[in-house]
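Questions regarding the structure given below will be posed in turn.
Note that the chains are named A, B, C, D and E in the order they appear, and that numbering of residues resets to 1 at the start of each chain.
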Amino acid sequence: SKSTSGGSNGDTIKIGANFEMTGGVAAFGQSQLNAIELAASEINAAGGVLGKQIEIIKSDNASKAEESTRVATKLITQDKVDILMGATTSTNTLAAVQVANDKKVPMVSASATNPNVTFDSKKGKLNEWVFRACFIDPFQGTVMANFSLKKLNAKTAVIFSDNAADYSKGLHKFYKEAFEKGGGKILAEESYQTKDTDFNAVLTRIKSLNPDVIYVPGYYEEVGKIVKQAREMGITVPMMGGDGWDAPQLVEIAGAAALNNTFISNHYSPDDPDPKVKKFVDAYKAKYNAVPDSMAVLGYDGMYMIADAIKRAGSVDKAKVKEALAATKDFVGVTGTLTLDQNHDPVKAAVILEHKDGKQVFYDKVQP
Amino acid sequence: MAAQQLLLNVDNVSRVFGGLKAVSDVNMQIQDGELVGLIGPNGAGKTTLFNLLTGVYEPSGGKIHLSGESVGGLRPYQITKRGAARTFQNIRLFGDMTVLENVMVAYHMHARHSLFTSIFRLPGHFKGEAEMREKAVEFLKIFNLDGKKDEIAKNLPYGEQRRLEIARALAARPKLLLLDEPAAGMNPQETVDLMNLIRWIRDEFKITILLIEHDMGLVMGVCERIYVLDHGQIIASGTPEEIRTNPHVIEAYLGQEV
Amino acid sequence: MFEYIVQQLINGISIGSIYALIALGYTMVYGIIKLINFAHGDVFMVGAFVGYFAAKAGLGLFWSLILAMAVCAILGVLIERLAYRPLRGAARIVILITAIGVSFLLENLGIYALGPQAKGFPEIVTKTQYTLFGDVTINSVQIIVLAVTVILMVLLQYVVHKTKMGKAMRAVSYDMEAARLMGINVDTTISFTFAIGSALAGAAGVVFAVMYPSVDPLMGIIPGLKAFVAAVLGGIGIIPGALVGGLVLGIVETGVSSAGFSLWRDGAAFAILILILIFKPSGLFGKNVREKV
Amino acid sequence: MFNKKFFLYLVLSLVFYGVVQFLITGMWLNDFYVDTLVLIGINIILAVSLNLINGFTGQFSIGHAGFMSIGAYVSAIMTYNFQMSFPVALLAGCVAAALAGLVIGLPTLRLKGDYLAIATLGFGEIIRIVWLNTEYVGGASGMNGIDKLTNWTWTFFLVLITILVIQNIVKSTHGRAMISVRENEIAAEAMGVNVTKYKVYAFVVGAFFAGLAGGLTAHYFYIIQPTSFNFMKSFEILVFVVLGGLGSTGGVVLGTILLTLLFTYLQEYPELRMIIYSLILIFTMIFRPQGLLGGFSAKKMVKKGGSSQDGSSTTSA
Amino acid sequence: MLAVDNINVFYGAIHALKGVSLDVKEGEIVTLIGANGAGKSTILKTLSGLLKPTSGSIQFLGDTIHGRPAQQIVKRGLCHCPEGRRVFANMSVEENLELGAYLRKDKEVKSDLEKVYVKFPRLKERQKQLSGTLSGGEQQMLAMGRALMARPKLLLLDEPSMGLAPLLVKEIFSIIKEINESGTTVLLVEQNANMALSIAHRAYVIETGKIVLAGDAKELADSDEIKKAYLGG
């Protein structure tokens, strides 16, 4: 629907939001969309961009790749949007990438981590019109591999990833590469599928292998259960994951005690006293009565990144906005200071957080 | 009735359900062109014997030969192709198809145009279909159903459904026609009409008919020979006259006066 | 190695008993009105949510269960009244599509009203871990689930086969019109069936949420499908079949995962299902009653 | 079939094609409308082919997405990895899907009704899991960057061919044999119909066209991934069929068009989209249980001006 | 006992009963005869509440019963033994019989069961067999036995002799007579019009949804018109 986040009916900047509002990963889509709307309304309240209000045109891709293609086409040809945002998952984003390229409309994905989103590895070619606001799989996976080798002194590890999630498989792959390169040994690579609930079989197996650490790059819903079940059966070794863990529900599902001795790589720490972070977290809480997860914070930054680019471009001309996006440098977002590299991928620091009695505690910051 | 050939030879056939021997060591020989009745108390195993003859069940023992060929272990459609078609005790029409289509299905196995021919609408298709339609309409005429050829079969009154079932079985061009209680649910007048029809079919198509029936008027009226089944065994066989007076049959089946 | 196998067996039985618990309701409804009630998994989800809110409000396991069962029973009866009853006598595939519609409706009403995000389920049962021998452990919730499932199965079997209502249910399942002529109130009987079946789904929902502590509007899809598979495996419509089917499925899944083929777990489960069906076309316990010709 | 009415329909559809093509060339129809038309076309192929299995032959199959995925992956591999031409790739996909139909059709023929349904669903899921675990085709992330080769012209003519072939089968003695299997398997077999053969035919032909739809999909939406072909997709196709009218090609085409349009239109209401969709599904089934262009004999009953079902339940007029 | 006044019944658009009126007095056997599709079964289904008339009224033992659900009508003592047996195939013979007594709460159910077994010894033999595997005749006996278990005041029988061996036909008719003599009123629909007329007190002849003749059974059996149309002579 054409909901106008600022309430302006004059000249507006149209942002087409292609998100998973229903279907399997609606939780991600809605979370990110919430934050985007929050950001837009803040921008509009502050007078908009170049004096124009931002209008968000939402469209549901039902968590399906084909739908995502269609939604992107619709937003561009029917709604004549200036910029595309979305989707949250890599597959649904990849499905829209070609449309943006063909139609020459800038597109920003806040959370798709697959390298191919911005750089088509098969054709060896940059996807000129596509940008992102998150770091990509290789970085996150590598960070945690090095962390387990150096900080946790792990010699052996087991990886337990979500075979149905591109994100999870990406982290899996790069963790493995980096861990083995650093001299560690991967004892087993196990997998589950999104929406699984019982992990006892594999965990019993992992327990019998007795690894030093367990890497579980997945999303909080399954991860929460994995950590809980692992601790219940007496697996006490450190467990680690990525930003997919970052959601307030994780503690509710796994329980505070079970989460002790677990570590994640993330974009930021919601408990960071930094006023920028606090302002965002408070505003989000006030509007949606929930603590923002990583999908949300990335969406929020994505929106501001677009606003920043338009400002620098001085117009909403698509080619100019594209150039401006590509030139994003030292943009200060909630998740840190971000510069896009030649592949349109952000170069920014990751933080490593440790869970202590249900709280995320800052452990380390890793520069790329 | 000399120089006739043995059409159906049932040799020591049995069928067991769990502990129940529904058909046990049945022997039955039917010559080409005969009109034979099969009677017996309820649960005697008549329908089961039909099911064995048509391949719905496999015999637990014994052999069945049709025109000298063994039909043991064949699927029902294969037996139909070898020349035995039937009707069912509980009517089994293709309810949502038209009367004409019901008959055309029975003619299917004589069709010469292949699926391929039909998909590409090669000339063979049109010729074949037209021929089938013609033949089917002819059959319907015989049974006085041609006026209803485009009706949906399940909407026909009961009596006409029975007639349609017989027409359909005949359209398969069998050598042996098996009728399971064709007169069930008909009033005496309708039964008389059916009796005439059966006789006429046999003469017109020169086929062999084996029928199960509880209506003694019909059985005694049209059958040349009768087998009596009780508890899965043949307890008597012979001409209607012989059967009518056979004390075993009277005791097991007919009751005192008939 | 022996310990490992025993532990995995316990894991398999534990997940299997959950499948069985959901499958019981499935099979029961199917047994009576021959409807694959695809909304069953979503009634299960509603049950879990009722349990969630009850637990949040401070109720314990027992009252959360009772409340969830009651709400689901009412929901089940309502669904039957509004969506399935107008279709009595329609082709079964039509009612199946309606059931799919109801399933989508419940899921998306859930998303609309509660948001798609998973919520953590409060801990209302304290799990105690018992060590059987060596490293082999079992926890109290696993024991409870298995016990509840077996007891409910026996109870259901008793209701369906030994009580008057059960006889009425079976009569309705075979021939509604003839059942009417026996003086059976067909509508009441079917409502009763749905009430029981849905209450079972509700109970399963709460138990599931206690065991795997999160709830979300789509949580019913996979367990619903698995339970359906379990029910078919055992012979759909046959109550003990649901238990056996559930356990077999649980053990197969666990076995495949524990052997290191976790990627192929669901594939193996379906393959076993198909194999069993090929050799026993009506499931493990299904009587292959051929139509009498 | 090759009568006046047939040629009338043929001419009408060619005119329709021409007009749409003209509008596309003249840029009066933007990409979004073309998208919708192509999607409708793909859905029609899926629904009409499933109707051959479910509607005409009466075999309750809910594994159509599996066949579709085979067509999609095989044809995508052909163009992406082997640089085959589009028609060859499509054909390869269709043949592979048809082979799968044969493999699945044969062992499951012993199964009936709901047991067959769950077995086909299981096969569909197994196929999906195989893709999921095959790195060659990208595993969970699937294949992306597939060339967009499908267009309105391809879609239109392939839809036309699908409908023609299916109708040609149905309106022939072979189609009647299939329908007789649906109506009464025992009687069909007793009338000399090789029931097994016709069930397999239905599965093979149905799978062939599902594969075609898969190939078109793969080459239109740039990306294919295993989750696009899960059992929910099979249900979606089944809904087209039942809502349109089992065993009625016209009904299924109409139902597919309406549902696809509805779904597209509902994108305007993302939050309520699925709720409205499911309500429409339920109400349509309640008020038109025989489907839009209703059940087996409905057409003929309408002609007669009467309807005569449900004597089994308490009815009054 | 039963008074049907001018009822009309439709199947969709098909007008199956056109202003049918009839009555049955306590203690009688009344038979309905007519060709296939005349509407005999439809009358019985309407009486037992499976179908609802669009107009007209049905009184049973002084109560209006049309439009009431079937179970209430059964409760009043009107029991319908339907065409085509309709036994519950997935249940044993004994369970079928017990279902016949579904609405009864008295203690004599057990002894009635024994009485049925005495009447139909074959059922006793097959007590535990699933009724779906019984032969046609066995099923018919079961259907009648099941109806008797309800201890009906008025028993509606729809073609009870269909598909039965001659010996059994006679038996069934003598059982019907017996049932009647022990106090149950019977409304009998039969194709076997000869037999039906021979045991009935009165008869109605129905043709395409209308009652065309009514009268004393013996008189009708002797009428030439009836003989020609229905008795095969």
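Criterion: a contact is a pair of C-beta atoms (placed from the backbone, for glycine too) under 8 Å apart; a residue touches a chain by one contact, two chains touch by 3 or more.
The structure displayed is predicted, hence computed values, not measured ones.
Undergrad: So which chains count as neighbours of both chain A and chain C?
TA: Touches both chain A and chain C: D.
Undergrad: Measuring between Cα centroids, what's the chain most distant from chain B?
TA: A
Undergrad: Per the definition at the top, count C-beta pairs in contact and tell me whether B-E or C-D has more.
TA: Higher contact count goes to C-D.
Undergrad: Measuring centre to centre, with centres taken as mean CA positions, what chain is farthest from chain D?
TA: Here the answer is chain E, farthest from chain D.
Undergrad: Find the geometric centre of each of chain A and chain E from their Cα atoms only, then give the gap between the two centres in Å, rounded to an integer.
TA: 74
Undergrad: Go ahead and note the Å separation of the Cα centroids belonging to chain C and chain D.
TA: 31
Undergrad: Using mean CA coordinates as chain centres, what's the chain C-chain E distance in Å?
TA: The computed centroid separation for chain C versus chain E comes out at 43 Å.
Undergrad: Centroid from C-alpha atoms only, then distance chain A to chain D, rounded to Å. What do you get?
TA: 37
Undergrad: If I count partner chains per residue in chain C, which residues reach a count of at least 2?
TA: Correct list: 108, 111, 177, 180, 263, 266, 293.
Undergrad: By residue number and range, which residues of chain E touch two or more other chains?
TA: 49-50, 69-70, 133
Undergrad: Mark out which residues of chain D touch at least two other chains, giving numbers and ranges.
TA: If we look for residues of chain D contacting two or more partner chains, we find 132-133, 186, 271, 274, 295, 308-309, 314.
Undergrad: Would you pull the chain C residues touching chain A in the complex into a rising list?
TA: Within the complex, chain C touches chain A at residues 4, 7-8, 11-12, 14-15, 18, 108, 111, 115-123, 127, 129, 137, 139, 208, 212-214, 216, 218-219, 221-223, 253-255, 257-258, 260, 262-263, 266.
Undergrad: Which part of chain A faces chain D closely enough to touch in the complex?
TA: On the chain A side, the touching residues are 1, 21-22, 24, 58-60, 62, 64-66, 69-71, 73-74, 76-78, 90-91, 94-95, 97-99, 103, 114, 116, 120, 122-123, 163-166, 169.
Undergrad: Would you mind writing out the residues of chain C in touch with chain D in their complex?
TA: Where chain C meets chain D, its residues are 30, 36, 83, 86-91, 93-98, 100-105, 107-109, 111-112, 176-177, 180, 225, 228-229, 232, 236, 263-264, 266-267, 270-271, 273-274, 277-278, 281-283, 291, 293.
Undergrad: Help me check something: in the complex, which residues belonging to chain A touch chain C?
TA: 22, 24, 26-27, 29-31, 163, 188, 190-193, 195-198, 200-202, 204-205, 208, 220-221, 224-225, 228, 232-234, 247, 249, 251-253, 255, 290
Undergrad: Across the complex, what residues on chain B touch chain E?
TA: 17, 39-44, 47, 89-90, 157-160, 181, 184-192, 214, 216-217, 252-255, 258
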